[in-house]
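What follows is a pair of complexes built around chain A, which joins chain B in one and chain C in the other.
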Partner chain A sequence: MFNYTFQWKQALARLPQMLDGAIVTMQIAILSMAIGILLAVVLTMFRLSGNRALSAIAKTWVEIARNTPALFQIYMAHFGLGSFGIHLSPFASILLGITFNNAGYLTENFRGALKAIPDTQTRAGRSLGFGAAGAFRYIVLPQMLRISFLPMTNQMVWAILMTSLGVTVGMNSDLYGVTQDLNALTFRTFELFAVAAVIFYLITKVITLGARLVASRLFRY
Partner chain B sequence: MIKTKLAAGLMAACAMTAPAFADKLDDIIASGTLRCAVVLDFPPMGMRDESNNPIGFDVDYCNDLAAALGVTAEIVETPFPERIPALMSGRVDVGVASTSDTLERAKTVGMSIPYYAFENAVVANDKVEMTTWEDMKGKTVGATAGTYEAIWLEKQVNEWGEGSFRPYQTQADVFLALSQGQLDATVSTVEVANANVKSGNFPGIRVVDKAPMVPDYVALFTMRNEYGLINYLNLFVNQQVRTGRYAELYKKWVGEGEPANLAIPGVYR
Partner chain C sequence: MIEIENVRKSFGSLEVLKGIDLTVQKGEVVTIIGGSGSGKSTLLTCINGLEPIDSGRILVDGTEVHAKGTDLNKLRRKIGIVFQQFNAFPHLTVLENVTLAQRKVLKRSRAEAEAEAVKQLNHVGLGDKLKVYPGRLSGGQQQRMAIARALAMSPDYMLFDEVTSALDPQLVGEVLDTLRMLAGEGMTMICVTHEMKFAREVSDRVAFFHKGVMAEIAPPEQLFGNPKDTELQKFLSATH
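So, the complex of A and B:
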């Protein structure tokens, strides 16, 4: 079935270029997670605020982010905004698309985490003299982030894998984009994408294992 | 009686083992179907009509090839980057997909003699001031990922050391980005450029200049080791020109005028 001779040397010769791409992939993923977590905290506060308009914003965001394909979100960040004359570079488009997606999913994660924190915690905090904001900031928020730490690493892995969608908006400097470029040049599709897959696997493995290590250190009771 | 049974059995066994020695050309003839990889996002070479049927120069070329082989043609739509995976995974037999015959690629797949040659044009957004192709220097330019012109343009941008290059996955995305102003200019084949400017689907773009590249010779391709099929493809391309079918298809899909000369003076192929 596979009438084909693999030429691994040709692919391995391009490894330095692909590793440069992997760094860009990491940059996008890390930035999108950092901004995504901040946005998700803000959205969670919107939800808890009791203000109708604010919680409607949070709700709409989460609904769109979770119920449409990431590809659609990234495409819209580039061509959708482009049709209104807002021109984002491919890097900015993919960053915006993934951040939007991350923020939506993380808000849901945070909601789950909040459910695991008994109300009595807040009440105890309030009775010790914290204001509403103080109780959230010092009592609820740290626990929420702790409970949702591992789900957050899941989202991080997802963010890394989603960077591969950047090729649809003209991205050619990330790992997938570089691989696609080299593929067009050499037609060594299988070898190049196999190498890319290994790099993706290693990155995500390091992140999940690292996160577990960090979690076991930080969250010892 | 026993002898005839044995003979029949032997013959059956031989017949069953025979396909193991058959090459791709035999397989195609035996299966009765020729599966062609065609890019249907590349007018006028490959596109779809109002009722979503594949049409275009490459589609007709595949149909002609199938007719010559006495089999039915099956058009398998493959975007540019997926032509090779489609071939290697056995989803198609040959590529009739406007594939540039670069030496780098010929290390991986087997190329026929050229069956068409493109010239390339620089197309710019109306809001960008450009008069020659060199005005692309320092601009944001892009082209369809995996094409000859994209490879040329990216190299050019790297040589200039300023401006940026963006490959998009489809020709339509390139022209959408150009029309929106995300790209200042693109390089595409003259055929595609004219078709897209004329169609009115992408307002605000114009053809500026020809791109100074060696004509983009494109070849049919199949597995590198299928000499039988490659020989057949070479003869087929030759016959298409000889019988005037090449000129006929050119007139049908591209327009009036002479189709490009497929022979290169001063050298054998």
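So, the complex of A and C:
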């Protein structure tokens, strides 16, 4: 019915290069998550601050991040900023794009988590002499991060998968970019991308399982 | 000394405190009774500045709570408050619940804070629960932990806001026993409560609040034995 001879050896021979790419992919995802979480905490505080300008910034960020394609966000980081003379490398562009997306989604997750924490927790903290910032940091924040831990894991998986959009801005050192280049050299399209897909799958699986392990260690209550 | 002078407070168009005057001396135990919505709990949260007031003033050891320059965080260190909802910090063990504010607010060392926490937790009968998370405690135990947490800050005053109201009946006793013990030790306390027997036993004075007004205040034997205010008479006959 179809006339195609699988040549898995060709693809497997390139495995070391692809695994190098996988490391870059993980670097982007981890960095974008770490910065994204920090930004989301800041944006969450903006939202809570009661200051109109700050909460408008947070709101706009979340709206754009959640309601436009990730590809658009990455394009804007690369070509959009390029229009203003700010030229970011493909690595920086994809990192910026995914970080922007992560921060937006995580801010929204944090909002949901905050709703689950009763106001009386803050009140109890304040009556023990904590200032607003102290009560947030020591009492609200740890609970918020716990509640949003699984959504954060999901976002981490998304971050891994979104790195594949890097090829559109010329990224060629990550897993998807490397695979694309190898495909151009060998034309073993199915085999190469199948191997890449398996690597993606394994990475995300390890993340989800790892997160569960971390959660069971971290959250004993 | 806590001095409350002509304090008024509204939530929107609802005036919940209509000119309250009350002075609580060091070492005194004052309980406040009255129906729901009478303003009892609001008054407590005004005393430690959690709620602003509309007029009048509240002085704690001469410091005006709602004055602009008052450092509320500092003032609150000398006023412990325990709420109806225990407000245990679920992410911290019992020991950590009691050491957190000591360490971060009072800047006590870990060893110092833990020693104080162990002392207070033993005091309220939770010395064997140090490493347990609040989720594993009963309501009564959580409430006693909240009391230990407040006491560990070495407050000069303790405010108790219906601390037994959210408890199962069989757990009320253990919390009231803790309050009795504190009263016996000379702690200055203002307790909002629905426990009439308790109010009668521990109070130096009992205040009856009705619709935002302190309708009557007297030593317990007088207030319960010979109530003058007609609303108080109704209230007492309804609760007996």
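Here, the second predicted complex is superposed on the first by the 219 of 221 C-alpha atoms of A that agree within 3 Å, B and C clash if a C-alpha of one lies under 4 Å from a C-alpha of the other, contacts with A are read in each partner's own complex, and residues count from 1 in each chain.
Everything that follows uses one rule, which is that contacts are C-beta pairs under 8 Å (C-beta built on N, C-alpha and C of every residue); 3 or more make two chains touch, one makes a residue touch a chain.
Note that the structure is a prediction, hence the values are computed from the model and not measured.
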Quick check on the superposition: with chain A as the shared anchor, is it clash or fit for chain B versus chain C? fit
Contacts for A:Arg146 in the overlay, against chain B (first) and chain C (second): which applies, first, second, both or neither? second
Contacts of A:Asn172 with chain B and chain C, given as first, second, both or neither: first
Can you tell me whether chain B or chain C touches more residues on chain A? B
Give one of first, second, both or neither to describe whether A:Gln121 is in contact with chain B, with chain C, with both, or with none. second
Minimum Cα separation, chain B versus chain C, post-superposition (Å)? 48
Residue ranges of chain B in contact with chain A within the complex: 80-81, 84-85, 88, 90, 104-105, 107-109, 142, 145-147, 150-151, 154, 164-169, 173, 176-177, 180-182, 223, 225
Touch list for chain A against partner chain C, complex: 118, 120-121, 123-131, 134, 138-139, 142-143, 146, 219-221
Note: in the complex, chain A contacts chain B through residues 1-4, 7, 10, 78-79, 82-83, 85, 87, 89-90, 167-172, 177, 180-181, 183-190
Touching residues (chain side chain C, partner chain A) in the complex: 48, 50, 73-74, 76-77, 79-81, 83, 85, 87, 89-91, 100-101, 104-106, 133-135, 146, 149-150, 153
